[in-house]
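We just call them A, B, C and D in the order they show up, numbering each chain from 1.
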Amino acid sequence: MKKGIFSLEMKVRDYECDMQGRVNNAVYQNYLEHARHEFLLSKGINFAEVTKRGVNLVVIRAELDYKLPLTSGEVFVVTLGLERISPLRFVFNQAIKRVSDQKLVLTAKIIATGINERGRPELPPEITNLLSD
Amino acid sequence: MKKGIFSLEMKVRDYECDMQGRVNNAVYQNYLEHARHEFLLSKGINFAEVTKRGVNLVVIRAELDYKLPLTSGEVFVVTLGLERISPLRFVFNQAIKRVSDQKLVLTAKIIATGINERGRPELPPEITNLLSD
Amino acid sequence: MKKGIFSLEMKVRDYECDMQGRVNNAVYQNYLEHARHEFLLSKGINFAEVTKRGVNLVVIRAELDYKLPLTSGEVFVVTLGLERISPLRFVFNQAIKRVSDQKLVLTAKIIATGINERGRPELPPEITNLLSD
Amino acid sequence: MKKGIFSLEMKVRDYECDMQGRVNNAVYQNYLEHARHEFLLSKGINFAEVTKRGVNLVVIRAELDYKLPLTSGEVFVVTLGLERISPLRFVFNQAIKRVSDQKLVLTAKIIATGINERGRPELPPEITNLLSD
(Lines give C-alpha, C1' and ligand atoms only; values in the text may rest on other atoms or scores of the structure.)
Protein backbone atom coordinates (compact mmCIF):
# COMPACT_ATOMS: atom_id res chain seq x y z
CA MET A 1 0.00 0.00 0.00
CA LYS A 2 2.02 2.95 -1.29
CA LYS A 3 1.10 6.38 0.02
CA GLY A 4 2.17 9.35 -1.98
CA ILE A 5 4.83 10.03 -4.54
CA PHE A 6 6.61 13.31 -4.17
CA SER A 7 9.61 14.97 -5.69
CA LEU A 8 11.61 18.06 -4.86
CA GLU A 9 14.34 19.68 -6.93
CA MET A 10 17.32 21.12 -5.09
CA LYS A 11 20.83 22.30 -5.92
CA VAL A 12 24.13 21.59 -4.16
CA ARG A 13 25.44 24.57 -2.22
CA ASP A 14 29.22 24.93 -1.96
CA TYR A 15 29.25 24.92 1.85
CA GLU A 16 27.75 21.42 1.72
CA CYS A 17 30.87 20.06 0.00
CA ASP A 18 33.79 18.82 2.07
CA MET A 19 37.52 18.65 1.45
CA GLN A 20 36.92 15.93 -1.16
CA GLY A 21 34.95 18.52 -3.16
CA ARG A 22 31.88 16.35 -2.79
CA VAL A 23 28.70 16.70 -0.77
CA ASN A 24 29.51 15.33 2.69
CA ASN A 25 27.78 12.06 3.61
CA ALA A 26 25.78 13.59 6.43
CA VAL A 27 24.37 16.33 4.19
CA TYR A 28 22.36 13.81 2.17
CA GLN A 29 20.38 13.15 5.34
CA ASN A 30 19.60 16.86 5.45
CA TYR A 31 18.34 16.72 1.86
CA LEU A 32 16.22 13.66 2.62
CA GLU A 33 14.73 15.24 5.76
CA HIS A 34 13.90 18.45 3.93
CA ALA A 35 12.11 16.50 1.20
CA ARG A 36 10.12 14.55 3.82
CA HIS A 37 9.03 17.72 5.58
CA GLU A 38 8.06 19.36 2.27
CA PHE A 39 6.09 16.25 1.38
CA LEU A 40 4.25 16.37 4.72
CA LEU A 41 3.54 20.06 4.18
CA SER A 42 2.08 19.28 0.75
CA LYS A 43 -0.32 17.01 2.66
CA GLY A 44 -1.19 19.76 5.13
CA ILE A 45 1.09 18.48 7.90
CA ASN A 46 3.47 21.06 9.37
CA PHE A 47 6.38 19.33 11.09
CA ALA A 48 7.21 22.35 13.28
CA GLU A 49 3.60 22.59 14.52
CA VAL A 50 3.39 18.88 15.25
CA THR A 51 6.62 19.26 17.26
CA LYS A 52 5.23 22.25 19.21
CA ARG A 53 2.16 20.18 20.12
CA GLY A 54 4.52 17.77 21.88
CA VAL A 55 4.67 14.90 19.41
CA ASN A 56 8.10 14.15 18.03
CA LEU A 57 8.18 12.40 14.68
CA VAL A 58 11.45 10.49 14.86
CA VAL A 59 13.60 8.37 12.61
CA ILE A 60 14.36 4.99 14.14
CA ARG A 61 16.38 3.48 11.32
CA ALA A 62 18.06 4.83 8.21
CA GLU A 63 19.60 2.78 5.41
CA LEU A 64 21.51 4.82 2.88
CA ASP A 65 23.15 3.50 -0.28
CA TYR A 66 25.60 5.96 -1.75
CA LYS A 67 25.91 5.36 -5.50
CA LEU A 68 27.51 8.50 -6.89
CA PRO A 69 28.74 11.70 -5.27
CA LEU A 70 27.15 15.07 -5.92
CA THR A 71 29.55 17.95 -6.44
CA SER A 72 29.46 21.73 -6.49
CA GLY A 73 26.50 23.27 -8.28
CA GLU A 74 24.80 20.05 -9.32
CA VAL A 75 21.01 20.00 -9.52
CA PHE A 76 19.23 16.96 -8.17
CA VAL A 77 15.75 15.66 -7.41
CA VAL A 78 14.76 13.94 -4.17
CA THR A 79 11.82 11.58 -4.54
CA LEU A 80 9.86 9.74 -1.91
CA GLY A 81 7.13 7.20 -1.42
CA LEU A 82 5.50 6.53 1.95
CA GLU A 83 4.34 3.16 3.29
CA ARG A 84 2.97 1.99 6.62
CA ILE A 85 4.87 -1.05 7.87
CA SER A 86 3.23 -1.64 11.26
CA PRO A 87 0.57 0.05 13.39
CA LEU A 88 3.02 2.67 14.61
CA ARG A 89 5.78 2.63 12.02
CA PHE A 90 6.08 3.95 8.51
CA VAL A 91 8.83 4.01 5.93
CA PHE A 92 9.91 6.65 3.47
CA ASN A 93 11.51 5.12 0.39
CA GLN A 94 13.67 7.89 -0.95
CA ALA A 95 16.02 8.40 -3.85
CA ILE A 96 18.22 11.20 -5.11
CA LYS A 97 18.85 11.56 -8.85
CA ARG A 98 21.21 13.94 -10.59
CA VAL A 99 19.17 15.96 -13.07
CA SER A 100 21.83 16.37 -15.80
CA ASP A 101 22.06 12.65 -16.61
CA GLN A 102 19.28 11.12 -14.50
CA LYS A 103 21.86 8.98 -12.70
CA LEU A 104 21.01 7.61 -9.29
CA VAL A 105 23.03 9.31 -6.53
CA LEU A 106 21.56 7.66 -3.45
CA THR A 107 18.72 5.44 -2.34
CA ALA A 108 17.44 5.44 1.22
CA LYS A 109 14.93 3.70 3.43
CA ILE A 110 13.98 5.85 6.39
CA ILE A 111 11.85 4.19 9.07
CA ALA A 112 10.02 6.53 11.41
CA THR A 113 7.47 6.65 14.20
CA GLY A 114 5.95 9.21 16.58
CA ILE A 115 6.81 9.67 20.26
CA ASN A 116 4.48 11.55 22.59
CA GLU A 117 5.38 13.74 25.56
CA ARG A 118 5.47 10.75 27.90
CA GLY A 119 8.05 9.10 25.64
CA ARG A 120 5.57 6.53 24.31
CA PRO A 121 5.07 5.65 20.63
CA GLU A 122 2.04 7.51 19.27
CA LEU A 123 1.17 8.73 15.81
CA PRO A 124 -0.45 12.15 15.52
CA PRO A 125 -3.95 11.85 13.94
CA GLU A 126 -2.92 13.62 10.73
CA ILE A 127 -0.20 11.04 10.14
CA THR A 128 -2.64 8.20 10.83
CA ASN A 129 -5.03 9.73 8.30
CA LEU A 130 -2.29 10.13 5.74
CA LEU A 131 -1.23 6.51 6.17
CA SER A 132 -4.78 5.17 5.80
CA ASP A 133 -5.67 7.20 2.70
CA MET B 1 31.17 52.29 -7.80
CA LYS B 2 28.59 49.52 -7.26
CA LYS B 3 29.08 46.30 -9.15
CA GLY B 4 26.07 44.12 -9.65
CA ILE B 5 22.78 43.71 -7.90
CA PHE B 6 21.65 40.17 -7.43
CA SER B 7 18.91 38.41 -5.56
CA LEU B 8 18.21 34.79 -4.73
CA GLU B 9 15.05 33.33 -3.19
CA MET B 10 15.46 30.51 -0.67
CA LYS B 11 13.35 28.76 1.96
CA VAL B 12 14.22 27.80 5.52
CA ARG B 13 14.75 24.06 5.95
CA ASP B 14 13.80 22.57 9.31
CA TYR B 15 17.28 21.16 9.99
CA GLU B 16 18.59 24.74 9.89
CA CYS B 17 16.51 25.67 12.95
CA ASP B 18 17.93 25.18 16.43
CA MET B 19 16.34 24.48 19.79
CA GLN B 20 14.92 28.02 19.82
CA GLY B 21 12.91 27.03 16.72
CA ARG B 22 14.76 29.69 14.75
CA VAL B 23 17.41 29.55 12.09
CA ASN B 24 20.73 29.26 13.91
CA ASN B 25 23.02 32.31 13.68
CA ALA B 26 25.72 30.48 11.79
CA VAL B 27 23.30 29.29 9.11
CA TYR B 28 22.75 32.84 7.85
CA GLN B 29 26.41 32.83 6.85
CA ASN B 30 25.66 29.73 4.77
CA TYR B 31 22.78 31.55 3.07
CA LEU B 32 24.97 34.57 2.38
CA GLU B 33 27.80 32.46 0.98
CA HIS B 34 25.46 30.52 -1.28
CA ALA B 35 24.05 33.79 -2.66
CA ARG B 36 27.56 35.11 -3.29
CA HIS B 37 28.57 31.95 -5.17
CA GLU B 38 25.36 32.02 -7.23
CA PHE B 39 26.02 35.66 -8.04
CA LEU B 40 29.55 34.84 -9.19
CA LEU B 41 28.20 31.98 -11.29
CA SER B 42 25.71 34.36 -12.92
CA LYS B 43 28.80 36.36 -13.97
CA GLY B 44 30.51 33.26 -15.33
CA ILE B 45 32.76 32.71 -12.31
CA ASN B 46 32.67 29.21 -10.84
CA PHE B 47 33.91 29.25 -7.23
CA ALA B 48 34.80 25.54 -7.23
CA GLU B 49 36.90 25.91 -10.39
CA VAL B 50 38.70 28.97 -9.09
CA THR B 51 39.49 26.97 -5.94
CA LYS B 52 40.81 24.01 -7.98
CA ARG B 53 43.12 26.38 -9.86
CA GLY B 54 44.74 27.18 -6.52
CA VAL B 55 43.28 30.59 -5.74
CA ASN B 56 41.25 30.78 -2.58
CA LEU B 57 38.67 33.53 -2.43
CA VAL B 58 38.44 34.22 1.28
CA VAL B 59 36.38 36.30 3.65
CA ILE B 60 38.55 38.51 5.85
CA ARG B 61 35.83 40.32 7.77
CA ALA B 62 32.10 39.78 8.29
CA GLU B 63 29.70 42.19 9.95
CA LEU B 64 26.25 40.77 10.52
CA ASP B 65 23.28 42.63 11.95
CA TYR B 66 20.52 40.30 13.04
CA LYS B 67 17.16 42.13 12.89
CA LEU B 68 14.54 39.41 12.98
CA PRO B 69 14.73 35.63 13.20
CA LEU B 70 13.62 33.35 10.39
CA THR B 71 11.63 30.30 11.43
CA SER B 72 10.51 27.00 9.93
CA GLY B 73 9.29 27.16 6.37
CA GLU B 74 9.75 30.87 5.81
CA VAL B 75 10.67 32.09 2.34
CA PHE B 76 13.30 34.79 2.05
CA VAL B 77 15.37 36.65 -0.49
CA VAL B 78 19.11 37.26 -0.23
CA THR B 79 20.30 40.32 -2.10
CA LEU B 80 23.81 41.54 -2.76
CA GLY B 81 25.78 44.39 -4.24
CA LEU B 82 29.51 44.21 -4.89
CA GLU B 83 32.04 47.00 -4.49
CA ARG B 84 35.83 47.21 -4.72
CA ILE B 85 37.29 48.90 -1.65
CA SER B 86 41.04 48.62 -2.34
CA PRO B 87 43.28 47.11 -5.05
CA LEU B 88 42.91 43.63 -3.56
CA ARG B 89 39.76 43.84 -1.49
CA PHE B 90 36.08 43.89 -2.29
CA VAL B 91 32.93 43.99 -0.24
CA PHE B 92 29.60 42.27 -0.65
CA ASN B 93 26.77 44.31 0.84
CA GLN B 94 24.14 41.72 1.56
CA ALA B 95 20.65 41.67 3.03
CA ILE B 96 18.05 39.03 3.80
CA LYS B 97 14.35 39.92 3.59
CA ARG B 98 11.38 37.79 4.56
CA VAL B 99 9.12 37.49 1.54
CA SER B 100 5.75 37.39 3.36
CA ASP B 101 6.02 40.90 4.80
CA GLN B 102 9.19 42.27 3.17
CA LYS B 103 10.71 42.76 6.63
CA LEU B 104 14.46 42.94 6.94
CA VAL B 105 15.93 39.85 8.62
CA LEU B 106 19.63 40.59 8.42
CA THR B 107 22.11 42.96 6.83
CA ALA B 108 25.73 42.02 6.29
CA LYS B 109 28.95 43.45 5.02
CA ILE B 110 31.33 40.73 3.86
CA ILE B 111 34.86 41.82 2.99
CA ALA B 112 36.85 39.40 0.85
CA THR B 113 40.09 38.97 -1.04
CA GLY B 114 41.97 36.28 -2.95
CA ILE B 115 44.95 34.27 -1.71
CA ASN B 116 47.20 32.42 -4.12
CA GLU B 117 49.02 29.14 -3.60
CA ARG B 118 52.00 30.88 -2.02
CA GLY B 119 49.67 32.43 0.55
CA ARG B 120 49.91 35.92 -0.98
CA PRO B 121 46.95 38.21 -1.77
CA GLU B 122 46.04 37.93 -5.44
CA LEU B 123 42.78 38.37 -7.29
CA PRO B 124 42.00 35.92 -10.08
CA PRO B 125 41.65 37.78 -13.43
CA GLU B 126 37.90 37.11 -13.71
CA ILE B 127 37.32 38.82 -10.34
CA THR B 128 39.48 41.77 -11.42
CA ASN B 129 37.42 42.05 -14.60
CA LEU B 130 34.17 41.85 -12.68
CA LEU B 131 35.30 44.59 -10.30
CA SER B 132 36.39 46.94 -13.10
CA ASP B 133 33.22 46.58 -15.17
CA MET C 1 34.06 46.37 33.53
CA LYS C 2 35.15 42.99 32.23
CA LYS C 3 33.17 39.96 33.34
CA GLY C 4 34.80 36.61 33.13
CA ILE C 5 37.64 35.18 31.16
CA PHE C 6 37.08 31.74 29.78
CA SER C 7 38.80 29.43 27.38
CA LEU C 8 37.87 26.18 25.68
CA GLU C 9 40.11 23.88 23.66
CA MET C 10 38.64 22.23 20.60
CA LYS C 11 39.87 20.40 17.50
CA VAL C 12 38.86 20.80 13.87
CA ARG C 13 36.73 17.93 12.59
CA ASP C 14 37.09 17.01 8.92
CA TYR C 15 33.40 17.53 8.12
CA GLU C 16 33.85 21.17 9.14
CA CYS C 17 36.28 21.76 6.29
CA ASP C 18 34.98 22.79 2.89
CA MET C 19 36.29 22.25 -0.64
CA GLN C 20 39.15 24.67 0.10
CA GLY C 21 40.31 22.18 2.75
CA ARG C 22 39.77 24.86 5.39
CA VAL C 23 37.18 25.30 8.10
CA ASN C 24 34.19 26.96 6.44
CA ASN C 25 33.51 30.56 7.52
CA ALA C 26 30.16 29.76 9.07
CA VAL C 27 31.64 27.01 11.25
CA TYR C 28 33.65 29.53 13.29
CA GLN C 29 30.32 30.92 14.48
CA ASN C 30 29.49 27.42 15.71
CA TYR C 31 32.77 27.30 17.62
CA LEU C 32 32.14 30.73 19.13
CA GLU C 33 28.58 29.84 20.14
CA HIS C 34 29.68 26.58 21.74
CA ALA C 35 32.32 28.43 23.77
CA ARG C 36 29.74 31.01 24.92
CA HIS C 37 27.33 28.30 26.04
CA GLU C 38 30.10 26.42 27.86
CA PHE C 39 31.11 29.67 29.55
CA LEU C 40 27.51 30.30 30.68
CA LEU C 41 27.33 26.72 31.95
CA SER C 42 30.52 27.28 33.96
CA LYS C 43 28.61 30.13 35.62
CA GLY C 44 25.61 27.90 36.32
CA ILE C 45 23.52 29.15 33.39
CA ASN C 46 22.12 26.45 31.13
CA PHE C 47 21.24 27.88 27.70
CA ALA C 48 18.78 25.10 26.88
CA GLU C 49 16.89 25.60 30.16
CA VAL C 50 16.74 29.37 29.72
CA THR C 51 15.30 28.74 26.24
CA LYS C 52 12.69 26.30 27.60
CA ARG C 53 11.59 28.93 30.12
CA GLY C 54 10.68 31.16 27.17
CA VAL C 55 13.57 33.59 27.13
CA ASN C 56 15.65 33.60 23.98
CA LEU C 57 19.19 34.83 24.33
CA VAL C 58 19.90 36.22 20.88
CA VAL C 59 22.82 37.64 18.95
CA ILE C 60 22.01 41.04 17.45
CA ARG C 61 25.36 41.83 15.87
CA ALA C 62 28.45 39.81 15.03
CA GLU C 63 31.77 41.18 13.85
CA LEU C 64 34.25 38.55 12.76
CA ASP C 65 37.82 39.16 11.65
CA TYR C 66 39.30 36.17 9.88
CA LYS C 67 43.09 36.20 10.28
CA LEU C 68 44.23 32.71 9.40
CA PRO C 69 42.35 29.59 8.30
CA LEU C 70 42.16 26.47 10.42
CA THR C 71 42.62 23.19 8.59
CA SER C 72 42.06 19.49 9.19
CA GLY C 73 43.01 18.24 12.62
CA GLU C 74 44.24 21.52 14.06
CA VAL C 75 43.77 22.15 17.75
CA PHE C 76 42.62 25.60 18.83
CA VAL C 77 41.47 27.53 21.85
CA VAL C 78 38.42 29.79 21.96
CA THR C 79 38.63 32.53 24.57
CA LEU C 80 36.01 34.99 25.69
CA GLY C 81 35.46 38.00 27.90
CA LEU C 82 32.01 39.37 28.71
CA GLU C 83 31.04 43.01 29.13
CA ARG C 84 27.76 44.84 29.62
CA ILE C 85 27.37 47.66 27.12
CA SER C 86 23.86 48.94 27.95
CA PRO C 87 21.06 47.99 30.35
CA LEU C 88 19.90 45.20 28.07
CA ARG C 89 22.91 44.46 25.90
CA PHE C 90 26.16 42.64 26.49
CA VAL C 91 29.13 41.80 24.34
CA PHE C 92 31.31 38.73 24.14
CA ASN C 93 34.82 39.56 23.01
CA GLN C 94 36.06 36.30 21.54
CA ALA C 95 39.22 35.05 19.92
CA ILE C 96 40.39 31.79 18.41
CA LYS C 97 44.07 30.84 18.61
CA ARG C 98 45.82 27.90 16.99
CA VAL C 99 47.55 25.91 19.72
CA SER C 100 50.60 24.74 17.73
CA ASP C 101 52.02 28.23 17.18
CA GLN C 102 49.71 30.45 19.27
CA LYS C 103 48.78 32.37 16.12
CA LEU C 104 45.52 34.29 16.07
CA VAL C 105 42.95 32.68 13.79
CA LEU C 106 39.95 34.93 14.37
CA THR C 107 38.71 37.71 16.61
CA ALA C 108 35.04 38.39 17.13
CA LYS C 109 32.72 40.79 18.89
CA ILE C 110 29.32 39.23 19.50
CA ILE C 111 26.61 41.56 20.81
CA ALA C 112 23.64 39.87 22.42
CA THR C 113 20.46 40.51 24.36
CA GLY C 114 17.46 38.57 25.69
CA ILE C 115 13.96 38.48 24.17
CA ASN C 116 10.98 37.32 26.21
CA GLU C 117 7.92 35.43 25.05
CA ARG C 118 6.12 38.66 24.08
CA GLY C 119 9.04 39.54 21.80
CA ARG C 120 10.32 42.29 24.14
CA PRO C 121 13.94 42.74 25.25
CA GLU C 122 14.43 41.23 28.71
CA LEU C 123 17.41 39.72 30.42
CA PRO C 124 16.87 36.61 32.52
CA PRO C 125 17.83 37.27 36.17
CA GLU C 126 20.85 34.94 36.07
CA ILE C 127 22.32 36.95 33.18
CA THR C 128 21.67 40.20 35.05
CA ASN C 129 23.45 38.76 38.07
CA LEU C 130 26.36 37.58 36.00
CA LEU C 131 26.73 41.02 34.41
CA SER C 132 26.66 42.87 37.73
CA ASP C 133 29.15 40.65 39.50
CA MET D 1 38.83 -10.85 11.82
CA LYS D 2 38.21 -7.69 13.83
CA LYS D 3 40.62 -4.81 13.32
CA GLY D 4 40.91 -2.25 16.02
CA ILE D 5 38.71 -1.12 18.84
CA PHE D 6 38.59 2.59 19.38
CA SER D 7 36.56 5.01 21.42
CA LEU D 8 36.23 8.77 21.46
CA GLU D 9 34.40 10.91 24.01
CA MET D 10 32.49 13.93 22.76
CA LYS D 11 29.84 16.33 24.04
CA VAL D 12 26.69 17.60 22.36
CA ARG D 13 26.96 21.22 21.24
CA ASP D 14 23.77 23.29 21.30
CA TYR D 15 23.94 24.18 17.59
CA GLU D 16 23.72 20.47 16.82
CA CYS D 17 20.23 20.30 18.34
CA ASP D 18 17.20 21.02 16.19
CA MET D 19 13.75 22.41 16.99
CA GLN D 20 12.92 19.17 18.83
CA GLY D 21 15.72 20.06 21.26
CA ARG D 22 17.52 16.89 20.23
CA VAL D 23 20.61 16.23 18.17
CA ASN D 24 19.46 16.24 14.54
CA ASN D 25 19.61 12.85 12.77
CA ALA D 26 22.22 13.96 10.28
CA VAL D 27 24.58 15.15 13.01
CA TYR D 28 25.15 11.60 14.26
CA GLN D 29 26.79 10.89 10.92
CA ASN D 30 29.16 13.77 11.66
CA TYR D 31 29.99 12.23 15.03
CA LEU D 32 30.57 8.83 13.44
CA GLU D 33 32.77 10.27 10.69
CA HIS D 34 34.86 12.23 13.17
CA ALA D 35 35.43 9.09 15.25
CA ARG D 36 36.47 7.14 12.14
CA HIS D 37 38.96 9.81 11.12
CA GLU D 38 40.37 10.00 14.65
CA PHE D 39 40.70 6.22 14.67
CA LEU D 40 42.57 6.29 11.36
CA LEU D 41 44.81 9.03 12.72
CA SER D 42 45.57 6.89 15.78
CA LYS D 43 46.82 4.30 13.26
CA GLY D 44 48.97 6.88 11.46
CA ILE D 45 46.52 7.45 8.59
CA ASN D 46 45.64 11.07 7.92
CA PHE D 47 42.36 11.32 6.02
CA ALA D 48 43.11 14.81 4.65
CA GLU D 49 46.50 13.68 3.30
CA VAL D 50 45.07 10.57 1.70
CA THR D 51 42.48 12.82 0.03
CA LYS D 52 45.15 15.22 -1.24
CA ARG D 53 47.03 12.29 -2.77
CA GLY D 54 43.94 11.70 -4.92
CA VAL D 55 42.40 8.69 -3.21
CA ASN D 56 38.91 9.26 -1.85
CA LEU D 57 37.87 7.01 0.99
CA VAL D 58 34.11 6.86 0.54
CA VAL D 59 31.10 5.47 2.35
CA ILE D 60 29.01 3.27 0.10
CA ARG D 61 26.36 2.18 2.59
CA ALA D 62 25.28 3.37 6.02
CA GLU D 63 22.85 1.63 8.34
CA LEU D 64 21.91 3.65 11.39
CA ASP D 65 19.69 2.49 14.23
CA TYR D 66 18.51 5.35 16.39
CA LYS D 67 17.77 4.08 19.90
CA LEU D 68 17.64 7.18 22.09
CA PRO D 69 18.07 10.88 21.34
CA LEU D 70 20.96 12.91 22.68
CA THR D 71 20.09 16.35 24.00
CA SER D 72 21.87 19.57 24.95
CA GLY D 73 25.10 19.13 26.89
CA GLU D 74 25.11 15.35 27.04
CA VAL D 75 28.45 13.57 27.00
CA PHE D 76 28.77 10.46 24.85
CA VAL D 77 31.31 7.96 23.60
CA VAL D 78 31.62 6.80 20.01
CA THR D 79 33.16 3.36 19.63
CA LEU D 80 34.23 1.51 16.53
CA GLY D 81 35.55 -1.77 15.28
CA LEU D 82 36.88 -2.30 11.77
CA GLU D 83 36.51 -5.38 9.61
CA ARG D 84 37.39 -6.23 6.02
CA ILE D 85 34.39 -7.69 4.18
CA SER D 86 35.80 -8.12 0.66
CA PRO D 87 39.07 -7.36 -1.15
CA LEU D 88 38.12 -3.71 -1.56
CA ARG D 89 35.49 -3.13 1.09
CA PHE D 90 35.61 -2.69 4.83
CA VAL D 91 33.02 -2.02 7.49
CA PHE D 92 33.10 0.15 10.58
CA ASN D 93 30.82 -1.18 13.30
CA GLN D 94 30.06 1.87 15.37
CA ALA D 95 28.02 2.68 18.45
CA ILE D 96 27.24 5.77 20.46
CA LYS D 97 26.65 5.47 24.21
CA ARG D 98 25.51 8.17 26.63
CA VAL D 99 28.07 8.41 29.38
CA SER D 100 25.73 9.31 32.27
CA ASP D 101 23.81 6.02 32.20
CA GLN D 102 25.74 3.95 29.62
CA LYS D 103 22.58 3.68 27.52
CA LEU D 104 22.92 2.95 23.82
CA VAL D 105 22.04 5.96 21.68
CA LEU D 106 22.78 4.61 18.21
CA THR D 107 24.37 1.69 16.44
CA ALA D 108 25.71 1.95 12.91
CA LYS D 109 27.30 -0.13 10.20
CA ILE D 110 29.29 1.99 7.79
CA ILE D 111 30.59 0.24 4.68
CA ALA D 112 33.40 1.99 2.86
CA THR D 113 35.89 1.62 0.04
CA GLY D 114 38.53 3.71 -1.73
CA ILE D 115 38.18 5.36 -5.16
CA ASN D 116 41.23 6.49 -7.10
CA GLU D 117 41.57 9.48 -9.41
CA ARG D 118 40.29 7.50 -12.38
CA GLY D 119 37.11 6.72 -10.42
CA ARG D 120 38.11 3.06 -9.89
CA PRO D 121 37.96 1.21 -6.57
CA GLU D 122 41.41 1.12 -4.98
CA LEU D 123 42.55 0.96 -1.41
CA PRO D 124 45.51 3.10 -0.39
CA PRO D 125 48.39 0.90 0.88
CA GLU D 126 48.10 2.12 4.48
CA ILE D 127 44.46 0.99 4.59
CA THR D 128 45.41 -2.39 3.10
CA ASN D 129 48.09 -2.75 5.78
CA LEU D 130 45.68 -1.77 8.51
CA LEU D 131 43.14 -4.34 7.31
CA SER D 132 45.64 -7.16 7.14
CA ASP D 133 47.18 -6.58 10.55
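Keep in mind that, in the parts below, a contact is a pair of C-beta atoms (placed from the backbone, for glycine too) under 8 Å apart; a residue touches a chain by one contact, two chains touch by 3 or more.
Since the model is a prediction, treat every value here as computed from it, not as a measurement.
> Look at the interfaces C-D and A-D and say which one is made up of more C-beta pairs in contact.
Between the chain pairs C-D and A-D, A-D carries more contacts.
> Approximately how many whole Å separate the CA-defined centres of chain C and chain D?
28
> In whole angstrom, how far does the Cα centroid of chain A sit from the Cα centroid of chain D?
Chain A and chain D have C-alpha centres separated by 22 Å.
> Where in chain C do residues touch two or more other chains at once?
Correct list: 14-15, 17, 19, 21, 24, 26, 30, 33, 48, 72.
> If each protein chain is taken as a node and each touching pair as an edge, is the resulting graph a line, ring, star, complete or other?
Looks like everything touches everything, fully connected.
> State the interface residues of chain D toward chain A in the complex, per the touch definition above.
Result: residues 19-20, 22, 24-27, 29-30, 33, 48, 51, 56, 58-66, 69 of chain D touch chain A.
> Can you name the residues of chain C that touch chain D in the complex?
13-15, 17, 21, 30, 33-34, 37, 41, 46-48, 52, 71-73
> Along chain A, where are the residues that touch chain C in the complex?
14-15, 17-19, 21, 24, 26, 72
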